[in-house]
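Below, chain A partners chain B and then partners chain C, in two separate complexes.
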Partner chain A sequence: MKVLTLNFLTCAARSCKQSSDSFPLHPKEAELASDDVELNPQLLSNLLPRLDWNALRTTSTELGFPALPEQPPTLEELESDEKTLKDLHSLLMETNLMEGKLVCGHCGHEYAVKEGIANFLLPSHLV
Partner chain B sequence: MASSTHTPSALPSDSATQDVAKLAAAAEAQQAAESVESAEAEAYERTHVHGVYEAIAPHFSATRYKPWPAVASFLSSQNPGAVGFDVGCGNGKYLGVNPSLFMVGSDRSESLVALAEKRGRQLLQEGKRNVDQDRTNPAGGEGTGGAAVGIATEVVVADGLSLPFRERSADFVICVAVVHHMSTRSRRQEAIRQLLRCVKLGGNDHADGGGQVLVYVWALEQGSSRRGWEEGGEQDLLVPWVLKSGQKKPKAEKMPQDAPSKGGEAETATPAADPVFKRYYHLYRKGELEEDILAAGGVVVTSGYEKDNWWVVATNEPPSSSSRPR
Partner chain C sequence: MAEKRDYLIRFSQSHETFRLPEIEALAVLEHVNLEVVSYNLESPFCIIRLPSETQATRLIRRSILAMSIHELWGHGATLPQVHTTVKSNSSIHNWQSYLHSSFKFTIDSYQGSRTSSKKISIINSFSYLGFLGPIKMKSPDQEFTLFEDWIFNSTPLGIPDPKYYYFGRYLGSGARDLPKKLDLKKRRYISTTSMDAELALITANLALAAPGKIFYDPFCGTGSFPIACAQFGALSFGSDIDGRSMRGDPSKNKTLWHNFQQYDLLPNLGGTFTSDLTNSPIRRLPLSTTTSPSNGITGRIFDGIVCDPPYGVREGLLVLGIRDPSKTPWVEQKGKEMYKQPDFIPPRKPYSFLAMLDDILQFSAQTLVDHGRVSFWMPTANDEEQELGVPEHPYLEVLSVCTQTFNKWSRRLITYRRKPDAEVDQAAFKSYEERKRVEIEQGKSADELNPFRKAYFEGFQSQSQTPN
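Up next, the complex of A and B:
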């Protein structure tokens, strides 16, 4: 599962939907793998405004990567600065969470990630 | 104080306070009944939907690779870079249809999600090979141009009634052949409500109508099909799936080019040894999907019928309809 995907996932429990603590989910015991993905600058700049940048900063730090700047790059920066583009590509598109857990900061539930697939089926008491 | 004899209550009683107490008790009982009903519906779907898909996943997947035209055209109409969710993605056949999009699929079946992931990885490898061939052969041919590969593997296991997607984060959602597996009307409407919650709301100040949700369900009116279902017929059915023993290894066999709905649907004579699984379906009658969209707080943008299926494209109600001309 790509780091990009994590930016769109939150706790599945209904009682957590209203809590800001349920997003982003926190990786735990994470095993990462890197995919070789063709750089697609157009897709990245199209995706940029759709990201929750603060959540991405949190995820990036929690996965042990260098801290991202407080503000997302502007589209101009992304077009002109190749390093920014490549770093973002590498983080969002090429970095995969393969094994571990995703923990909700509100209810504490841990969702298992196995072979790159997260399982969000809830135990009956959380449904 | 008004006497209780003047209130048209179904509960005969001596005083208004008793009425209130009884009403409260009745409400509680109804709530309990609903909760039991919901637990029963869940258990029923576990047996007649989830369990079946787990059992037939590889065979099912091998018969599902051709996108429905209405779904494919919805996907190709999305803006480049749009983010979309495919709820009930099955083997993930829609995830790579438009490579300029970023899509995440979810399905209740762990087996189907695992197949979708594998399928995405294969597409990625094939795409890379094509790109490499293009590079070594300047004459080119058609090629995928490199941009056509990359993201077809993003899938999670999730229940349609407890989705893990960040609310209002998607530009669009598709939900194809899923809602008809929910066994009560309130669950079907709740499933649609969950889909609507995933997409962005429209703005007040511009023509943006917000994110769109495409829902696609089996129709009751299937006049042209051999199933013989038509208007006025029974809407809640158990539909058999014959797991053909000769097709247990779908990888090894190429399925014939066939319309998406036909493959393996218990239509041909089969040896007695082939196990039969029955899936629950609610067949939608004309207009019913629109009713469910409205009940879920949605607005119908367009709708149609395509080969034994009803489909609707819906959005959320605009934040303030009076200030919007449309």
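Up next, the complex of A and C:
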């Protein structure tokens, strides 16, 4: 799964729905793989307003990528700044989480990631 | 500003109820100002009015059900009428500019046929066009086609002439090659419920899958819909409650990932995960609190959601949980003790098909951007008494309902648009939520939960038809 996916996923447990600590999930023992993907500025522009920037900053740091600025770029800044475009593209589109765990900061549940596929199925007492 | 002109779409005579909704969706996607002049389900010929030739080719370039589009030079119930209209429109269509072009003349007879000598004499009747260029059967500069619309069975009935003619200049083709490219027969990894390539691509068209957009299929299986959306350039995400359907068999290169690899679409595979839509990990805000944030950030992620949810006939309709926890307390206990083990399989319970559809709509309302689309398939009995209604949601507007009919049942492809919050009637939404809360309490057995499954296994016998 592309790292972008982590910006969309929160803890699936019922009791974590209201907690801000359940998002983003924290990668643990993460194995990453990198693909060459052609840069698509249109996709990144569309994505920008849908990203949770604070969550992305956390994910970026936790995966060992350089720290992202505190504030997200504006659409104009993104479109005119090739470096920001490339950095975001490399992190969101080219980096894949292959193995490891995604840990909820609220309940501590660890979702396993195998062969790039995360498993969010929960036992009955948590749904 | 060019004047609007008439164009002829030559459709494939299949999946008839899907044809116009597909073209209307493509008009939205391609910003084409479409006006339908004449269309009916029984004919493959449709006349539309458009501002320009470039809009005509753009309109159908990715259509699965339109074969080609033509500048309409004339039409009529008899050949002389065709000639009269062609001649009277001569200045609009500017014959002169094709005077020295290489060209080709063809006759396309729907439900009928002509002998070659008859074809030649019909073609010669257009000699007044006066083209001087060479005739080239392979890639000519211009191609002119006389379309004939014959009534069904005209040959055995001995009917000598078609009921209608259209004459036009070829402009462009649809994307009829794509279903062949994505053909299930040649796909590396499929399952019994994989959606056929043609219908998956049509679904992606109706939902406006396109480059730069984010699409999601919550019942993705082996990936038919995510592949179709990726083929049109969208970034595709998928999930399934059964992780095995996506994982397949990596040792044989039979996985969802390998399907994307087969078609060179891996850059468009966003990610897949195992989950149940009813307990989805996708982040979203409750609908009542998403009232028009001033910064334009709504927290909604997807441009489109496309899916074929399980009907509960061939595959069980299950969600996470235990049917009756008080009767089987040990199952929950086991879950509490074992759930951290890597090989623990969480229990699942039967779920209502109608509740599942409601969950899809609610999820779509919470995660689609403004004007984003959800297109999903649902089955229903053909018998009126047992027919299931089109599910509704106050945040979603029904755009089209297309039907594929089988013997005693049909499946429908229903497409909705996410209304911007300002368009939503909040009072209607409150009463909708209240009604749904009550409905959820009803039904216990798999049959009661699933009226379609019940009717299917009873052979779609309606009450009135059952003897005694």
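By our rule, the second predicted complex is superposed on the first by the 127 of 127 C-alpha atoms of A that agree within 3 Å, B and C clash if a C-alpha of one lies under 4 Å from a C-alpha of the other, contacts with A are read in each partner's own complex, and residues count from 1 in each chain.
Heads up, the rule we're going with is that a residue touches a chain if its C-beta (ideal position, glycine included) is under 8 Å from a C-beta of that chain, and two chains touch if they have at least 3 such contacts.
These numbers were taken from a predicted model, which means no experiment stands behind them.
The superposition on chain A brings chain B into a clash with chain C.
In the superposition on chain A, A:9 makes contact with both chain B and chain C.
When both complexes are overlaid on chain A, the residue A:110 reaches chain C alone and has no touch with chain B. By the touch criterion defined above, A:67 reaches neither chain B nor chain C.
The clash between chain C and chain B in the superposition falls on 307-315, which is one of the stretches 37-45, 163-171 or 307-315. Shared interface residues of chain A, touching chain B in one complex and chain C in the other, are 1-2, 4-5, 8-12, 14, 23, 37-38, 40, 42-43, 45-47, 50, 52, 93, 111, 115-122, 127. Here chain B touches chain A in the complex through residues 79-83, 85, 100, 102, 104, 106, 108, 110, 113-114, 117, 128, 131, 146-147, 149-151, 153-159, 161-167, 169-171, going by the rule given at the top. Those residues of chain A lying in contact with chain C across their complex are 1-2, 4-5, 8-12, 14, 23, 35, 37-38, 40, 42-43, 45-47, 49-50, 52, 93, 110-112, 115-127. Across the complex, chain C meets chain A through its residues 211-214, 235, 237, 239, 241, 243, 246-247, 250, 255, 257, 266-267, 269-276, 279-283, 296-297, 299-301, 303, 320-322, 325, 331-332, 335-336, 338-340, 342, 344-347, 369. Residue ranges of chain A in contact with chain B, taken from their complex: 1-2, 4-5, 7-14, 17, 23, 37-38, 40, 42-43, 45-47, 50, 52, 93, 111, 115-122, 127.
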